[in-house]
Each structure stands twice: as C-alpha cells, then as structure tokens.
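A, B, C, D and E label the chains in the order they appear, each numbered from 1.
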Amino acid sequence: QETTLTYMLWSTDQAEIEAGAIAAFEAANPGVTVEVQAMPPSDYWPRVSALAASGDLPDVMAMSSGFVQEWAAAGNLMDLAPLIGDTSLEGYFESAVEIGQIDGAQVAFPQNWVAPVLYYNRTAFDAAGLEYPDADWTWDDFRTAAEALTIDADGDGTPEQYGYWVYGRYAQTDPWVFRNGGRFVNEDGTALEINDEAVNALAFLASIVDDGFAPRPLELEGIRQQDVFGMGLAAMWVDGSWNIDNNRALIGDSFEWGIAQVPMGPDATPETAVAYAWADMLAVTTDSAQTDLAWALVQHLTGPTLTAADFTGGKVPAWSATAMSEEWLGRGQQPDNMELILEIGAQPLYTGFTPNWSAWRGYAAAGSGGLNGELDEVFNGRKSLEDALAAATAYGNDILSR
Amino acid sequence: MAEVSLHAITRRFGPTEVLRGIDLEIADGSFTVIVGPSGCGKSTLLRILAGLDAPTSGSLHIAGRDVTGLEPAERRIAMVFQNYSLYPHMSVRENMAFPLRSLRMGRAERAAAIDRAADILRIGDLLDRKPAHLSGGQRQRVAIGRAIVREPSVFLFDEPLSNLDAALRGQMRVELAELHRQLGTTMVYVTHDQVEAMTMAERIVVLNGGRVEQVGAPMDLYRSPATRFVAGFIGQPPMNLLQATVVRADVAHVVAMIGANQHIEAAVDGRGLAPGEAISIGVRPDDLAVVAQGGIPVRLSVLERLGPQTVVHARTEGGAALSAVVAGDTELAPGDRVGLFAPADRVHVFASSGQALPRPPRPAL
Amino acid sequence: MAEVSLHAITRRFGPTEVLRGIDLEIADGSFTVIVGPSGCGKSTLLRILAGLDAPTSGSLHIAGRDVTGLEPAERRIAMVFQNYSLYPHMSVRENMAFPLRSLRMGRAERAAAIDRAADILRIGDLLDRKPAHLSGGQRQRVAIGRAIVREPSVFLFDEPLSNLDAALRGQMRVELAELHRQLGTTMVYVTHDQVEAMTMAERIVVLNGGRVEQVGAPMDLYRSPATRFVAGFIGQPPMNLLQATVVRADVAHVVAMIGANQHIEAAVDGRGLAPGEAISIGVRPDDLAVVAQGGIPVRLSVLERLGPQTVVHARTEGGAALSAVVAGDTELAPGDRVGLFAPADRVHVFASSGQALPRPPRPAL
Amino acid sequence: MSDTLRRAPALIALYVVLLAYACVTLMPFAWMLITSFKESRDVFRLPPSFVPTLLYGPDPLANYTEVLTQHDFLLYFRNSFFVSTMAALGQVATCALAGYAFARMELPGKNAIFALILATAFVPTEVTIIPEFLLMRQLGWIDSFLPLIVPSFLVGSFGTFMLREYFASLPAEYGEAARIDGAGPWRIFWRIYLPLARPALISIFVIAFINNWDELLRPLLYLNSPELRTVPLGLMRFVGEFEAEWTLLMAGSVASTLPLILIYVLGQKYVLQGFAGGGVKG
Amino acid sequence: MSEIRSTRAPGPRGRVPISDNDHAPARPRSQSRWKTWGPALLFLLPAIVGLLVFRLIPIGWAFALSFTNWRIFNDIEWVGLANYAHILTSPVSREVLGNTLWFTAMYVPGVMVVSVTLAVLLNNSLRSSAFFRGAFFLPYITATVAVTLAWRWIFSTRFGLLNHLLAQVDIDRIAWLADPAWALPAVAIVSVWKDAGFYMILLIAGLQTIDPGVYEAARIDGARAFRRFYAITLPLLSRSLFFVLILALVRSTQTFEITYALTNGGPNRASTTLAFYIYQNAFVHFEMGYASALAYVLCFVIGLITLLNFHLRRRWVHE
C-alpha cells in the first residue's frame, strides 16, 4: 500500500544531489513516496526542534556529530542496532560508524565525514624556496615557514601575504590542540578542564599571530574567513576539508595549492596525537512509525548508491569504496593529494563533542561567544590567553552544569 | 399632525444636570426657535428630540405618540447639523438617497423623491458633486435636501447657519423661512444667535442653564422680556442694562438712581419694590434718543455706521457702557458729550431676582 | 510715523495672478479695512505686508523705509490671524512673552509689558491658562495681546472675528475700535464681512479680483459706490440691483424700464446712455418706502423682524427679489401686495461696464 | 519652512543634506543591485569593485533568469503574494472592526481588552513561537497557509491602535446623521466610517503587507511542502551549508523588494494621511 | 454613547470614563443594553478570539515554560525560579543586559534625531520630497539579511568603504565589526539606518497636523529657524515623538536580525543584546525554558521603561 517516508536535511544542495538516489529508492519500493525537506542549518535546527516538541519528527533526519549526543539523550533517535542485526558494516569507515554510537547504541549512521587539514599555497612555498609540509613537519618548521611566507613587499607595515591565517573557530584551532594531545573537556564530557597541552597549542597559535606571521582576525573582518587563503592573503590555513570546493572555485588556476595533515605537537606522542574528524549522519527518529523502511532509506543513502560526484569538496563518503574511487580522489584537480584525508580517517579519531557543545564552544549563531569568542580576543591581542581560557572555562562549566 | 410635546425632560451627565425639567408644547406646523447661550443645553434638548440621546427622566411625544424610547429612525424626524455632516465620500445624490435606502424605497421612487427635493432647493445641477466641491451655502442646501427627501413630520435644525459667512447667513435665513412656508412642516430650530431667532421664529423658546426662561412670539420677547436674562439676550445691539437703586416706586412708576445723582423713570408697576432696593434698569438702544440737553450725560466712544442706521457707543460718567441706535448717518463723533434720553414707557425694570416688573395695569377709568 | 505704501504690487501663483497691481497709501495711525469677497486676494496682500509672502513685483514701504525684502520680524509689524494661531503648548503668558524673547528683552521688562497688555485687554486672570482652555473671545484677545506687547508700528488683522459668534463679534468690533483709539497705531484689517468694514473702518479698501475697486470712508462707499460691485457688496441687507433698459436719459435724469412697463427714475447724469441700452438699477433697502399706492408693485414673501427695524423681502411681478427696511415693527404680513417707492435721488445707475453714473452736476445758477 | 526655502543657499544646503543621506540609504541597496549583476567569482574580488560585470556579458540578466526560472521563484512570489495579501486584508478587516468598536461603540471592559491587545505586542516572538507552533499543530494547520494568515488576520496591535485613533478623529455627527437616516450599526460602519477611513486602512495594509512579506520564522516552522514555499524561504535556499550563492541571493532579494517598493509607492499618499489622522498627532 | 458625543463637547478626548452608568440614559435595561453592547461585541469578536487564542495562550504557555528547563526536544522538568535566579547571578546575562541598555542608549536617541531631522527637512511641498521620502523609506523594506551583507562590506576593516572614506580625512582604520568598542555601535548604525525612514513617515504625519499658521506667527514674532524648531516644532510634535519613542524603545530591545547577520553577537558577546541572546538560547541552544525566562525579564525591563515614560510623559508631551 501507499506510504510516505519523510526525510529532512540541512542542505538544499545535498537534497538536489540525492534526488536521483531517492527516485531510485522509490522505484525499488513500489508504493513508497519519500518526502524531502531541505533548508539551511540555521533554519533546520529550529524546525526539527519544533517538530520534536510536537512529536512530528520525520522518519529520517540528518544528524550532526555536534548535536547527536543531546538528541540521543532526549530520546529522539532510534537505536539502529536491532535493525542492523547481522548486516555487515564492513563497507563503511569504521571510525565514522563509531561516531554515531552513544552508550553502545547506534543512534545515527554516517553518510560522510570530514576532517580539518592544513591548506598550503605551493606557489608561495616555491617562491620562498621552502619545502612543502609533510608528515614529519614540526611546529618549529611551521613557524619558520610562516615567517618566511609573510611578505610585505611595499613596506607599508601591512603584509600583502601572511604566512598563516587563524581565528578562534573549532575547525581552525582544535586540530592543533588535539594534535598536541590537548583536551578541553574531562573524560565524560561533563566539565571543561583545559589541559596544559591544549594551552600550549593555543599559546603557539597566539604567538604566530603576535609575531605578525598571521593577521589579527579583526584586520580581515568583513572578508569571509574561508576566502582568505583563496584570495592569496595567507599562504597557509587550517580548516575543514569541506572547504576544498570553495578553494577550487575561488583559486581556479591562479596558484598551486595542496593539503597536509596538521603538524603533530611537541607535547604529543603518536598515541595522544589523535586526529580530529566528525561525520554528517542520518538518523531514524523515534517518531517514525515505519522504522524498517526508514532504515532501508538510511542504508540506501549512505551506501554505494551515491557516487563520488555526489559528495561536495572534501566530504568523504562513509562508504569507503566510493571514497577510494579515482573519481572522489579527483585526479587532475587541485589538491592532488586527496588520499591524505583518507589517511586521517584511518587514525584514531577524537571529536570532543559534548551536550551543549555549540554553546560552550561557540558555534553557528552562537559562534561569536564561548571558547570561540575568547580565542578571538586572544588573537586580536586584547586579552591574555590565561584570562581568556579562565573565562571560557567558567562560561562553559556554567552551561554544562545546568 | 406632528405637534411635539415634552414633559419634565431632564438630562444629567454624571453629576451635572444639563436639562432641569423642560415642559414644552410645539404646535404642529410651527417654526419654533430654541435660543440660548452656549452650553445652556440646546443641543442636548434637540438630540433628545431626535432620539440621539435619551432623557434621564421625562417623556416625549411626537404627533401624540410616545417616542421616548424609540430609535431616531422610528420617529419620523429629520435633522440638519451645524457642520452639515454630509457624508463626504458620497455624491449629493447618494447623500440624499441614503435615508431612502434605509426606508427600502424602490429605485424609481427614490430618484423621484430626490428630484423633487433638488427642485425645491435648486440644487438639481449639483447632484453629482461631492460635498468637498460645494460652497458653504450649497452644502447647507444639500443637508436640508437630505432631510426633506424623507418627508419627515418634524425637522430639527442645530445651528445650521453658524458656519456660513454673514452675507450667506442672511440669504439662507430667508430661504429657510420660505421653505417652511412651502412645506408647512413642524420645524424646531436651535441657535445661539438671537438675530436668527428674531427673524425666523414664529415662537421663540429662550433656554438658560437648562431651564426655559420664556416662550413667546419674537416681538413679544423683544418688547416684554420676562426676565433680565431674556432682555439682555434678545435684541441686537443688546439692551443696555444698568445697576440702579430704587428711589421711589408706586403702581405706575419707578424712579431709580443710576450713578451719582442721575435719575431715570420707568412706567412699570413698582409695587413690590422698596426704596433703596437694588434693581436693574434696561433700555433698548433704539429706545434711546440722542439729545443735546437733558437725558443721561455720556461721552461717545465709538460710532458704528451701518448705513441705514448708526450705533452709538458711549460711556456714562460712572463708566457704564450705553449704546443707542440713530437712524441713518450722523454728524456725531467719538468724544462728543451728549445726553441719552429714554421715554418712561420704554424703560424696563428687573428685580434683583431677575424678574421683569410688569407694565402698570390699565387705569380702570 | 508708520504710514504704509504699496506700489504696483503684484503676486502670481503659478499661472494665476492673484494681485494685479495694487497701489495704496495707508496713513499713519489710520484704521484701514480691506474688504472683498472670498478669494479676491485680501490675505495674500496682508501676508505681503507682513513679509510672510513676497510680491512678484512692486515695492512696499513702511514708515518710509523700503521693507520689500525684509523678514517679518524686521518690519515692526504685528499680525493677528483668523484662527488666532496661538502657540497651543504655551500658556497665555508664554504666548505673549514669545515675541519679547526675540527682542532679547529682560525678564522684568517683559513681565511689565505683558501686564500692561493684559490690563488693556482685561485678560489678567487668564495668564496661566493654555489656549485650549479659553473661549473664542478670550483667544481673540490673547492673540491681540501677543500682537500689542511688542508695540509694533503697524497692526495687521486677517479676519480676526470670523470665528466668533454673532454676539461676541459685535462686542469685539467695538473693543477693537476702542483699542485703536487708545493705541493710535496704524491698523490694517482684512475681512470679507462688509458690516465689519462699515462699522470699524476709517477708510475702506474694496478689493475685487486682485484689483482695488474703490477706496474711501465707509459712508462715502455706502452712499456713492463707484461700481456696481461695490454697491452690491457694501450694505446689509444688500442693495437691490435690477436689470433695466434705458428709456430716456439726460444730464440730470435717467428713466429706465424694469420688467413689463414698470418705469423708475434716477437723478443721475445720464449723458453717456442711449435709449434701449442695458443698465443696472440699484436701490438700497432703506431707501425703499413701502407704499399702499404707486411704486413698484410687489408681493411680500418674508418679513424679518429685528426689533428696531423690519426687513421686508418681496418679489416683483417679474419675479425679481427686492427688499426694504421698515423702521420698528410692522403690520405687514407675507403675501401682502404693496408698492415699493424710491426717490429718484436715491436710485443708482450702473452702466453695463459696472461703473456708476455720477449724480448730476450742481446746476450752475 | 517656506521662508528658508525661498533663499537659494538654504535650498542648496537642504538638497546637499538630502542627497548625502539618500546616498547613505541607497548605497547598500545599490550594492545589492550591483552584486545581482555580477558573476559569483567577482563578488569577493579585492579591492571591491562596483562593476556589474554581467552587464558587459552576453546575458546580463543571468542571475535573475536563474532565480526566476530555475528556482520556482514565480511560485514563491505567488505564495508570498497570497499570504501577505490575505494576512494584510484580514488585519485591516479585524483592526477596522475592533478599532471602530473601541472608538465609537460601547461595551463594558473594552478598554481593558484594548490595553491587553497593546501589551501583548511587547512579548518577543521567539518565546511564543514554539507554544504557538504546538497550538497550530493541535488545530491541524501545519503545512498550510493558515498559521501564516490567521494570527495576523485576527490581531494587530499597531493597526488596532491606529484605527481606534483614526475613527475617534472622525466626527461623531456622521454616525448620528446616519442613525437619523435609519441606518443600523453595521450600515453606519460599512457605508459611512469605513470608506472615510480609507487612508488609514491603506496604510495598515501597506505596513502589514510589508511585515508579512518579510516573515521568515513562521513559514519556516509551518510549511513543509515545496509548493507552499514563500519568497524568504526561497531566498534561504541560496544560503547553503558552507556557501551562500551571493549573486542569486542578491538577485532574489532585489526581486523580492520590488513588490514592496511598488506597494509603498502606490500607498505613499495614503500612508501619510492615514498616520496623520491616526495615532500620530502633532 | 459615552464616546459618541458632540465634537464641541468640552473635556480632553478619551478621558471620558467608559463606565456606562454615569451618563447612559435611563432606558429599559436589559433589552437596550444588548442593543448597544451586542453589535460592539460582534465587532470585537475577531479581535478577542485572536487575542485569546493566538496571543494569550502562547504567552501564558511561554510564561509557564520559564519555570522549566524545557529544551524543546526534551521532556519538561519543573525548576521553579532557577532560570530567573540564574539570570540574575550570571555574569553573562549581566553583560548582555548591559549591552542591551547601551544599544538602547545609542539606538533610541540616534533614530529619533535622524528621523526628526529627516521629517523636518521633508515636511514641505517640494516636488522632490516624495522621492526622498521613498529613498529614505527604502531601507525599511529591503530584506534585512541581504542588506546587512552589504553593510558588512561597508564596515570591512581593511577593504571597507567606510574606512576608505575615513582614510581620506586621515582617520585610522577602525575594526568596526571586530572591535568590542565599535561592534555594538555598528549594529546601532545599521538599525538606525534601517528604521529611521519608518519613524520619519510617522513624524511627517505628525508634522502635518501642526497648524502652519503657528509658524507664521512665530516668524512675525521674530523667531528664527532654530528657535522655531525647538520652541514650536518639538513641543507640538511631542505626541508623535512620544509614540515614536515608545516604538523605538520596544524595537531597540527586540532587534536581533541585524545583529545576527552583521556581528553574530560578537566579538565575544560584545554586541549580544538580550533579544539576540534569547534567540540564541531558544533556537541555537534550544534552552526554551531559559529563553522564556529571559524574555520575561526583557518584558519586565520594557514594561518598566514604558511605564517610566508614561509617567514622565506629562512633563514633556503637550496634549
């Protein structure tokens, strides 16, 4: 008989991409109609929250790593384990699947995952006579390169090209912290406890800015932060791999660029220097009345159905075969070393997400506050790191304790 | 068929009693003017007649029917407002059609009624204009037109001419009087302008402080005001009123003193008065003659030359203002010292209560 | 010290010429009334005098000084507006202090000036009220008070009485005339009410269609109107004006025909007229006597009994309206047929151009 | 003012000030307009450029054609137009009835009701919207235009306030004349006072239309079906997960402003009169 | 009947008590009361239904929620006054409250001065005035998000138009959106820019009710333009000014769209005002209970300010 599956996601682009796959799903399941609703993330969360409040959640919803804990805790997400049963999950990146497990329940299932990388401007490196960053790069190597890449050709005191570009956002700073063995929160994620490794990592970044090898964020206010590297204003940059698309569009062939892993910190051992990555997931909600069908849709949208072309930029398909296809690796396009992201995914991962992460970390429409806002103060030279972290800790713990 | 009678009508607004018991009979087909100073309750009374307001107590009959509790529309009355209250968004024709629609009159019948009224008021060529494009006089006529189409049995007018300029007011007065002759319908007309009352009324009702002061034909009120208030209110220029003290009084005469040593004599029945009593003396300006010798000595202050007559304003030695009317132009000039003389049978006397003293009884020969 | 003279003043608003060349001399200390129908340009002229508006061409002198381009404040004039234009948010005292502050007058001096003015106008007890809590007449007085505190050399009044009711208007007329006597300042007073013009003016300027029709003392204009327009405009009730054709005309007489076979004779110099020519005949209502036999036969329509006089409205057989003034009350009644007779030396004749024909030259004995 | 205006230097100064401020008000709009005629990659060029590059290309209206044809914007415009018109009309109707009753009719406790209508406007939408959402769900109105239309149909504090003042400023005599002419309460309202309040009604319509046209939060929460989307929802499609399609967003925004400009220009004359007669008094 | 009275009846408008007993005529009671009340009730019915259903129910609901820790997708838990207590003790909410007051202190006078100036300049019969009115009203009707992006470009530190202009007069670059001292003023500038045209229209409407004769009288009385403005225009416009003041106050405490698109409340909360904080809590953190409590604190503040204004009204508003 006729049934309708509802499916909501936070990207209209993604909805268009998936249209074919959905049609295929409908064709394979006669009588089933999939109703798709897509909207930008700032609208998505209020919307699904309201639906959660009224018990009208869609059968399948996109779920972010940052929110999955809260949503699971509120009992909105169905444990997929019984549905999975003995189905083999071999084709998926294991660590990505694990991100959707909370207290042993598989509350969400990855569709793709992303990781922060170090973008670097090869043309600028060549001009400065520097070696490209590699896995052995130390923070000192990084500093030396940043200094050499900072060029004020007209001598007006404002470099036309900075060595590096950073501001307080999670994707820009936290890779450094985690790669130095640093942690913001305690083991069970119930309180902020910023350890020394984290402090050292942040101090290192602050010193790069203070030394003038990176612009103060306030200098570049008004330019979208993800355009700074592409515009050639900075020769290195750390941010999520999802920015690869934007870089491609912006840079075109005006210079050569590549990606590298964020250098391991001096305080870290290979064991503590975890990689930072997280996944965009799909979840079956507890409001769904047709969980089998919903799970089928989740499988369909996360498995081999989607092709490499369906994943924008540096989003890595959770289905590893797709990820390892030539097409996804994007041969002939910049960067020419996409497999680096897959290497990151093979490492032990750490996300650092807690309930209310968006509030204490400073994310989305609260992005100017929390730890994010405090770090901006540091990078803008208005606050000492110590004061900033103390304030962020107090604020974060207030949130986590409520 | 449409006499109006009011019985013990009172109206209170919160603590203030605006009408204090009005008894009034208005004859069928008469033109009655209710006149009085601003705030005396004229409009309130008219609105009660119209049914726009209800009396606090008392009852009201129109054409013998008790209408006290009825809606305005059920009373067969029409009303013309001071500011015309034409519906500004409707053409003249639509304005006049409005009350007819309420009567559920047919289209053809309506058109005929409007044409008839337009004919009477000579506004046939204005029917498609909006009120904003009419002059004051034309608006006035349209307002009357809207009232007469319904063929009411009583017309109520609330100061309908006070927004017009002097010349137009004069003209409309005559037109209204002619209209009344033509229609023969009962008309109740409210104004604070005694000239209108005098010139238009068959009967005048003088209202003061929520009470009826006097009812009568215009010239009766003019010649024999019942109270000091009526005396001062009716007549233009107003009656000269002077403070005085009784010197002598008998059945046919009162001699009174105004100012230092200045006596004046009035032919009234002064039996109620005692020497030394404070009274008011009243003389109409047109009863005062300017004389070179005798009379009350005054000094002229202002002369108003109107053409057919001149109004002479003067002050007595005591500083009291007096005015006199002189026919035609005059050689007199401000500053001139002359006397003003009034024959005793034209001098009015008012007791301190305000009541007029009657003329002496005809000598029983 | 403050005569006002206007030379060839014109004012155009877009395509329409509102003032068409005004030459006028206003004597120092005089009370001049500018009168004319609505829209004739009176206010425009006054505003040009005040400096609120500028002439399109021409020049203006006050007290010998060319003020054509000066700001109002630099002209030593004061103005009283039709709707008073009191500052609604200020007390009476503040209203009167306002112009004094502009003069940077000290506090004590200011208080003294205000008290003086308040004294003259008897508004001493109103000083702390706001305009909204004043009656019409009181507002009027305050507006005048605000004008006199500054001791201007010329007062300008734009229809200051037209918002008052009849009784108050009569009273304020006299007060203004007295004020003029008291202050002796030049006053220019604009009105469309010819009664005000007649009663208050020393000199009247009749304006019509942006041109001066006639200038003169009130009784001169009344007795010898220079044009048909002035004749119809000045005088209340207005002059009766009838269409007529010349029957005979010579140096001392014009005989004209009004209606079928009805002749009327006027003692004017009719040398310019030819028999058969169309003219207008004018007779003032107070020059018409009601006669039982002879005269123009009419049928009475409305009688307005004012007390000292009665205005008789009548229609000729041809349907023309005529009115006459009868002294005192009368026994006449609507519907009566009587004759109306005018002595030839009171009959005016106007050529088709509107110009009045002069009275015949004194016979050279 | 007229005296100042008579003098040329003052007039020039006035125009200088006005033109300067006009630049300030128009500049951001001009930027939107220019951006809507650019190619995506020109948007973030440094230094910023004022050149609407598309205008020199073969397809100057590329962004607009894409917005209007490829993104169903004509449908969104129809929806927005329907929703805004209905909501504004409803608001005009309710506010007119209520404003009239508050100004001219008698009912015990009406002032308390009026005060409540005004006071409730002070509570921020963000906190009432979720309870409102739950309410709408109870009513079964989700995924229809009803939640967008009915609430503003039924309550409008500003409009009620303004119309109350406006009706109070109209002479009572019209109503009395009409009563004498035999008209009942409805006919007096409908045939006499309502036509007279036209400027106020139009200004409330204009303001309500603008506000409803811009509404994002409610459509977002209440509408599911793509065929019900309104213009602001449509515009949000250009704000992606990582990227905004600026040129399309700007073209869409400019296009979505045009109806409002039109409404304003048509209603301008009445808006001033309406406010002057209504709550706003000198 | 009380409000249907002659225009000439004295007494300030609206002061007449509504209670019917005072002056209602003595009529047969029950029947005729319903004759007058019935239609009134029918006329008010839509508004009353709307008020009850779509205003009072959600408002009451939200008030109840302010005593819970509801997170929308969570179960509801009663926490008593904890939310309110937290608001009063938390340094963050104190900072946010301070920002709100500072924003109000900039926005309200700013928007009043600009809109009064524009209104006065445009309250004439110049033919071009209609154009300027339209141009000044335009910001009010352009989509906030889109136009705020333009402002981001204008405020940009290094490549922004504003700093470029300031450089012409030798003023150093200001990091408008990233400097805690300037971010809130920048939000205020855009807010003033956006709303001034609307208030301008209200004020022009107010100005048009002033009798032009009063200005002529003032000119005759020797008052120059400036004195006419402060001695005549301002006091006579005070009713409108009061109305605009209240609107502006309420709006100043409720704007969040511009903050959202311009500074996102930053840098580090420097431009986070209460309304934006409520939005964050409600729709980013989904702390609906806490957001509701914040909203009622906001209502309390607005209410207080409004009452204060009504109290002071007599001092400067001329009826």
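Note that a residue touches a chain if its C-beta (ideal position, glycine included) is under 8 Å from a C-beta of that chain, and two chains touch if they have at least 3 such contacts.
Chain-to-protein mapping (UniProt): B, C = Multiple sugar transport system ATP-binding protein; D = Carbohydrate ABC transporter membrane protein 2 (CUT1 family); E = Multiple sugar transport system permease protein.
Note that the coordinates shown come from a computational prediction; the quantities given were computed from them, not determined experimentally.
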Query raised in the report: What chains do subunit A and subunit E have as common neighbours?
Result: D
Query raised in the report: Taking each chain's centre as the mean of its CA atoms, which one is farthest from the centre of subunit C?
Result: A
Query raised in the report: Which interface, named by its two chains, has the most contact pairs?
Result: D-E
Query raised in the report: When the centre of a chain is set as the mean of its C-alpha atoms, what distance in Å lies between subunit B and subunit E?
Result: 54
**Report entry** Centre-to-centre distance between subunit D and subunit A (centres being mean Cα positions), rounded to whole Å
**Finding:** 40
Query raised in the report: Centre to centre, by mean C-alpha position, how many angstrom separate subunit A and subunit B?
Result: 93
Query raised in the report: If you average the Cα atoms of subunit D and of subunit E to get two centres, how far apart are those centres in Å?
Result: 16
Query - In subunit A, residues with contacts to at least two other chains - result: 46, 49-50, 53, 223
Query raised in the report: What are the residue numbers in subunit D that touch two or more other chains?
Result: 3, 46, 130, 134, 171, 173, 176, 239
Query raised in the report: At which residue positions does subunit E touch at least two other chains?
Result: 1, 6-7, 72, 153, 159, 219, 236, 279, 282-283
**Report entry** Residue numbers on subunit D that touch subunit B, as the complex places them
**Finding:** 171, 173-174, 176-183, 187, 191-192, 195-196, 198
Report summary line: Seen from subunit C, its contact residues with subunit E in the complex are 47, 50-52, 71-73, 77-79, 81, 83, 85-89, 98-99, 102-103, 132, 146, 150
Report summary line: Within their complex, subunit A touches subunit D through residues 10-14, 35, 37, 39-43, 46-47, 49-50, 53-54, 56, 223-224, 226-227, 231, 242-243, 245-246, 249-250, 252, 312-313
Query raised in the report: Considering the complex alone, what residue numbers of subunit E touch subunit A?
Result: 69, 71-75, 86, 90-92, 152-153, 155-160, 175-180, 260, 263-269, 271-272, 279-280, 282-287, 290
Query raised in the report: Which positions of subunit E touch subunit C when the two form their complex?
Result: 211, 213-214, 216-223, 227, 231-232, 235-236, 238, 318-319
